[in-house]
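This is the structure I have questions about; it appears just below.
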């Protein structure tokens, strides 16, 4: 069932260690078939070296397991919450990539210092507030993780800023497809790394000028985009 | 004799350079058969590229070499001391992995800043006190290294915190099996790297909130664990 | 047409990810046939893993596409502007390599601290001024990027200093051939990395002494050069 | 002639990029046959990917080329000066490895903070004084480089401390054999990396205690050594 969706999710999961975004089994990717309301997600705690496409678990947007012998990722409720809240998103990636996670642990957004960042994100990579004791302990921790992300995006367009840092935790990224969400995860890690180094060079460095941000983001996104090839 | 134990220790040793935890010949892994009171350990100073499973040296918990043509690791008495002091531990790993060792050299524990750390360790990765002149020079230096580790763990459960930094030296990690001790060594290095960067971002960063630590550690350990697959 | 030129440009482009200078599709290389006034450049946004020599796009120095099914790199006008302004240059490389880009984002030149740097650059790697709103938004942003580079080089010989950091953006490098421009891109990244670390060790570190700069640069460049083999 | 010596030097040279100690063509290794007074050294500026054992150049201790079609490394007079000054040394390695070179550029010795360092060096990795204008410009720059190294070692045993940082330049390492000199080059880079990070954690960190230095160095060197296997 939904073999192609499982293959998409599987291939995205395999790219995470390939791009150096994953240590051990920290991280997961999922792909959504929005028409059917079903997504394919990595099984929990399975080593990437033994993972197979058929191991992907199918879950519906009510949280019911539809197919799969294995338990889905423990982060499944976060993915589900985001799919419900971000209506255009078709793929989600969660990693503990080192540099982005270092910002998340420190509770700091990744400031937007240059055009590399502006090519992918229309502003800083935001960080959520810390979760409350209640949210952590009410038995729906991973669902609440999705809620604090949505709270942070009340005034943000998730496709203008396709990444977030969960405070004390790590990044989530997304996109129209899971392949795009993987690409954004690479970009977020790379921008976090460079932001950290730019801060070492100029500790009070200001953010990129608005006109340059506009130029680079819109070179790649929206009706005036001219980067890349026509599809 | 004990071919399977030697194979386990051998494979764990090979993972150390594979995961980038080892430069040159710094480091070693051992696996214990507690019923027999015998452990298999890497021979001293042998290059990982020529190491074979049959080179593993068998040593008993009294410190007597049971089998093997080569000298066991010079750190053998530290492993032995830990096996005697930590009664549930079945495997031990010692590396000089760069980031964890940088904390050890500086005499600082690795603070617990995020959930990556909380997934593996129920608190900071502690550092021992410095060893005394007497302990260093009494002819049982490696045994005394084990003693200062045990002293540091008087009030700590070694399975809640399966790693330590020996002051001025480097990390030791452990687990129910040597495969688990390798996994912990990867996690310790990764957490040390991210802690260093989080400190660069926020020099006085506080540690993770207790409820989040509890949540993440217990998601993976103990009776309420729900991460991964049923075994 | 110009098969050899396209092959040169293609091979240079492939070296960029191989040397770790490129993440995702950030970056491009071009090679010029100055007699014909035509250069071969990477197509825009094409993944390096699927790139072929025949995908290279031929563009003339008036900016007209001469051959190629794909759109040329969006940075094509910058390459063209530099070829027009730097009359001896035969190849140009643009990357977002992490350390050099971190200096560019911070608006800082890479100071010349040692002989590694002096072997390639006769002074610091300069940074341009920031671009004005007008330059960014007048519809010729990439051409204006070339202009601010040329402005910075009014009093500099581009072969004495074959690299620049575009403020808030990233490095461009060049040389008599595109192969040389790739080599310079590696050197610029490596020197930026080491400069950052030297600054961590001595925050107010002064630049290399003039006689040592002269010695190393001239050991490799100009009539008195004695490094390498006679050609 | 001296095929085995050339092979030794060749294999040592190939290890330098393999261990990540070399970017581009920065660096070289040589092996000495002291009885004959001849050493084999890398040819100047030749790419490691095309280097062959028979390309190694034979030079005698008076500086005369004995065999080889190519020019020897431009650093040949430094190697020669060190072979003449350090009478037990049989192999020399020069790299521009990133972390050690960052200390050299900053004019700082690599402080000895832990046992990893103490396993290889009986104290800090020293840095030379800066070279004078006269030494740089008198036509024998590379020979004078050897002289400032020897000056720094007036009161040091080169086998107790088999590495030096040339101020503003980069490290040289040595040993009884060139294979050992490569191993020391790896250790020097690794210790420089960790020292930089330990300094970030504790900016005024003191050096390792003398008894621990003694213990670790002598565990591996001299009559009381017990690390490794009997030869």
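Read from first to last, the chains carry the letters A, B, C and D; within each, the first residue is number 1.
As a working rule, a residue touches a chain if its C-beta (ideal position, glycine included) is under 8 Å from a C-beta of that chain, and two chains touch if they have at least 3 such contacts.
Please read these numbers as outputs of a predicted model, since none were measured by experiment.
Asker: Which chains lie in contact with each of subunit C and subunit D?
Answerer: none
Asker: Can you list every chain in contact with both subunit B and subunit D?
Answerer: Of all the chains present, none is in contact with both subunit B and subunit D.
Asker: Under the over-half criterion for shared residue numbers, do copies subunit A and subunit B use the same patch or different patches to meet?
Answerer: Different; most numbers are used by only one of subunit A and subunit B.
Asker: Rotation angle for the CA superposition of subunit A on subunit C, to the nearest 5°?
Answerer: It works out to 90 degrees.
Asker: Find the geometric centre of each of subunit A and subunit B from their Cα atoms only, then give the gap between the two centres in Å, rounded to an integer.
Answerer: Roughly 32 Å separates the two chain centres.
Asker: In angstrom, rounded to a whole number, how far apart do the mean CA points of subunit A and subunit D lie?
Answerer: 46
Asker: Where in subunit B do residues touch at least two different other chains?
Answerer: Within subunit B, the residues that touch at least two other chains are 200.
Asker: Chain contact topology under the given definition, line, ring, star, complete or other?
Answerer: Basically the chains close up into a ring.
Asker: Give the pairs of chains that touch; include all such pairs.
Answerer: So, checking each combination of chains, I get A-B, A-C, B-D, C-D as the touching pairs.
Asker: For a test of understanding, state which residues of subunit A touch subunit C in their complex under the given definition.
Answerer: Residues of subunit A touching subunit C: 113-116, 119, 183, 186-187, 190, 193-195, 197-198, 200-202, 205, 208-209, 211-212, 215, 219, 226-230.
Asker: So in the complex, the part of subunit D that touches subunit C is made up of which residues?
Answerer: For this pair, the touching residues of subunit D are 23-24, 26, 43-46, 70-71, 74, 96, 98-99, 101-108, 130-131, 133, 136-137, 141, 168-170, 196, 199-200.
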